[in-house]
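In the two complexes below, chain A is the common chain; its partner is chain B in one and chain C in the other.
This part shows the complex of A and B:
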């Protein structure tokens, strides 16, 4: 992988260069975050001409390594104002890697009002005017179908939906999956950045691309086999995720009292079995038709946590029907009917809006009196307004923080203006530290402390106590920053957390591919370095430790059933990132 | 005697009721419950009593809710 492509949307000029030496050993999040830190003015407006957006496959993407097809997208976030890396499945990452493209950057912005499609193939890059039928409210399912018809069924596609065209702060970038359905680089509003640059879609055609070169194919094959076995042997990554999807978490979080309900006023619901993974599995199985209990979001996925959820007649409604979305609408907004939630999920995918941010925003809008509590039909109608967008659509599409302000709420569950997802920080304290301190705003995937707090994978820490949580959140954030740089799905963690051989095999694959000798310490250092770069960007953008805090209500509103409150002191929270100044001390 | 509500999840529901009341002798533990339900101990990953993580040998009290999970994960 040695091509570094830039498209300047001010001049519509394309430059293809050799990858700069400083980025040669980087991939995924390590590359996107270093690039954004190097080239994007931290104080710029995220929707202005000085922001840049970068797409980068992970270090192992495009190889035969299982689950290595994740793509990182980076920019300054219009939602949080921080640096952002949002990653996704689909086929885009693998195609980029096979074509030898290390990174693809879009910079500048046109002065006219036209939207464009950027087409990447083995002959180069072209910038064309977008077909009018995919603009102005056309849903992503239809846009992907039209673009696939025009450019070829097998092309990869990344598209800004109606939400992105309208530059809404929670717009995502939707990516075509292997069957032409949708995966999303969901969080942080990167679809709005794409929309601001008047890029409706990026199409990638890898026809004629060669295989990714591997320095030591035999060593790679052997390591890949060990790694695959580690994933498949673990009951969660090998069987559980495929059977129940990620929404298997509804019942465990509900039992543990950490399932935020009714805009974070309780930690448990009574209708949990309406929206649980067990029910999802049973419903899909019973309805048959297009329904699939398990499905992979990219070629080479062996965990298959996704699914196709059908209606009562067996017709496809949505796929990638995730726990956080189901929680947000089902528990936080109190919608008791899984079909209602599925139609909302489809609509959010079709509009191209983050289904976590929007679900939490819907719950806040219910508390604010804009939508009746628990009303799935009314929630769907409100989401549809984002497509147009009406003023209400714009408010909800601007995310939870804006809804909270608009409605005069103090109980607005966000950190750095990004919605807090599906795990209550009062009753699962480790994840609260990740929400508070992550460089991304509130983000469970930035350091998934649920694992050791609730699931007892990789660690065993009391979720209701502070003991051990600071070190744990720090270690999980560092490890995640490293994994996000490999192109690996984060869920590989379940397979390797308690299996040192599996983790070593992951490192061995990277070493075999590039002919290098990384150790696990080097991988930790990579993770730390990524976080330091991201923190430095955020500081330069105006963020201080005072922004690394949870909303105040968590401190004084006990969360039933355990009636836990958030009780980490500011000083304790700041210890999570104590390592960021270590290098300076050593010098 | 103590009366305990037992809740089963994921694969533990196969061929079993998902929720049941059980009358147990004083001093009974989750280990006794899973033996009674023919669930192999090594398959139990998470034991919650009244929403708190506990061990196989934690004594159960009257009115307790015991939730049993195989390994689960997501995110």
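This part shows the complex of A and C:
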């Protein structure tokens, strides 16, 4: 991958350069975050001309490595004001890698009101006016169908939905998956950044592209085999996720008393059986038709944690029906009917709005009296307002923090204005530390992977106690930043966490592809360096340690059934990033 | 809250054990009579839940090893291997499952 492409939307000019030397060894999040830190003014307005948005495949994307087709998208976030890396499946990343494109950047903004489609193929990059039929409220499913018809069924597509066109802070970027359905770079409002640059869609056609070159094909093949085995032999990644999806967590978190309910006023619900992964599986199986219990979000996915959820007649409603969405609407907003939640999920995908942020915003709107508690039909109608957008739609589409302020709530579950997802920080304290300190705002995926000795980190953890939690959160954030840079799905961690051979195989694949000799220590250092760069950007944007705090209500509102409160002191929280002032080391 | 005067326990099963217990007992949760304390392993046997399908058990919302003592009034759940990684650490599985052959120990470590 040696091409670094920039599209300037002020001039509509395209430049293709060699990859700058300083980015040569970087991919995915490591590349997007370093680029944003280098070229985006930290104090700029995220929707102004000085923000830039970058798309980058991971180090292993485009190869035959299992689960390596994730794409990183980076910019300054209009939701949080921090640096942001948002990550997605689909086919975009692999096509970029095969075409030798290390990064694709959109900068500047047009002075007129036209929306554009950027087309990338082996002949170069063109900027065309967007077809009118995909603008002004056209849903993403239809927009992807129209663009595929125009540019070819096999093209990759990234699109800003109606929420992105209207520059709402929760807007995501929706990506076409292998079957023409939708995957999302969900969090942080990067769809609004795309909309601010008047880019409706990016279309990528890899026809004529060569295969990604591998420095040592035999070594790569051997490592890839070990890696695939580590994933498939594991009960989580080989069996659990494929059968029940991420929604397997509903019953587990509910039992642990860590399933936030009714706008974070409790940690357990009674209707968990209605919305559990087990019920999801049974419902899809029973209904048949278009339903699929297991499905991959990108070619080469062997875990297949996604699914197609059908209606009572077997007709497709939605896919990628994730735990956090089902939790947000089902537990936090108290909607007890899984079909109602599925229709909300489809609508959010079609509008192009982050389903975590919006689900938590809906729950806050229920507490604020804008929507009746637990009313799935009313929630769907409120979400539909975002498409138009009416004033209510704009409020909900602006995220939980705005809904909380609009409704005069003190119980507004956000960190750096990003909604706290599906794990109550009072009952699962280690994840609370990650919410508080992540460079991205409250983000469960910021703390997903440990690259070091998991037993050393995890043996003494008690979810309600402080012991070991600082080390846990730190190690998780460092490991995640590293894996996010490989282009690997974070869920590979489930398969390699307990298996040193599996983790080494991941590193061996990178070494074989590039002809280098990284060690696991190097990968740890890469993770640390990414976090340091992100923290430095946030500091320059005006963030301090005082922003690394959970909302105050967690300190004095006990969470039943364990009745735990958030009791980390500011000094303890700041320990998570104690390493940031250590001297930088090579990576 | 645990009711010490109760002579029953409330039992749930997750992942594949959800369907297993629903089929065997007709509903979820299963209300079992229990007059004296019992080990998790014994309860599993009594309910025909294979040990190798249980990584940890929940007792009153806390993760425990499979041989943990269950008392009348407790709320119990059997959890097979299948809970995604970071949450297994965050909820304390690693302090409880190391003696259990159904934990995620990889062959090299066994």
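Things worth noting here:
Operating definition for what follows: the second predicted complex is superposed on the first by the 570 of 587 C-alpha atoms of A that agree within 3 Å, B and C clash if a C-alpha of one lies under 4 Å from a C-alpha of the other, contacts with A are read in each partner's own complex, and residues count from 1 in each chain.
Just so we're on the same page, contacts are C-beta pairs under 8 Å (C-beta built on N, C-alpha and C of every residue); 3 or more make two chains touch, one makes a residue touch a chain.
Predicted, not measured: the structure shown is a model, and the values here were computed from it.
Of the two partner chains placed by superposition, only chain B is touched by A:247; chain C is not.
In the overlay built on the shared chain, the residue A:339 is in contact with neither chain B nor chain C. In the superposition on chain A, A:491 makes contact with both chain B and chain C. After overlaying the two complexes on the shared chain, residue contacts for A:375 are found with neither chain B nor chain C. By the touch criterion defined above, A:447 reaches chain C but does not reach chain B.
By the touch criterion stated above, A:561 is placed in contact with chain B and with chain C alike. By the touch criterion defined above, A:500 lies against chain C but remains apart from chain B after alignment on the C-alpha atoms of chain A.
Counting the residues of chain A that each partner touches, chain B and chain C differ, and the larger count belongs to C.
Looking at the shared chain after the overlay, A:39 reaches neither chain B nor chain C.
In the three-chain superposition model, chain A touches both chain B and chain C at residues 234-236, 240-241, 243-244, 246, 248-249, 251-252, 255-257, 268, 273, 277-278, 448, 450, 454-455, 457, 462-463, 491, 494, 561-562. Those residues of chain B lying in contact with chain A across their complex are 7, 9-11, 13, 18, 45-46, 48, 50-53, 67, 69-75. By the touch criterion stated above, chain A contacts chain C in their complex at residues 234-236, 239-241, 243-244, 246, 248-249, 251-253, 255-258, 268, 273, 276-278, 282, 423, 428, 430-431, 447-450, 454-455, 457-463, 472, 476, 491, 493-494, 497-502, 561-562. Note for the complex: chain C touches chain A at residues 1, 12, 14-16, 18-19, 28, 55, 58, 61-63, 77, 79-95, 98, 104-106, 108-109.
Contacts from chain A toward chain B in the complex involve residues 234-237, 240-241, 243-249, 251-252, 255-257, 268, 273, 277-278, 305, 323, 444-445, 448, 450-451, 454-457, 462-464, 490-491, 494, 561-562.
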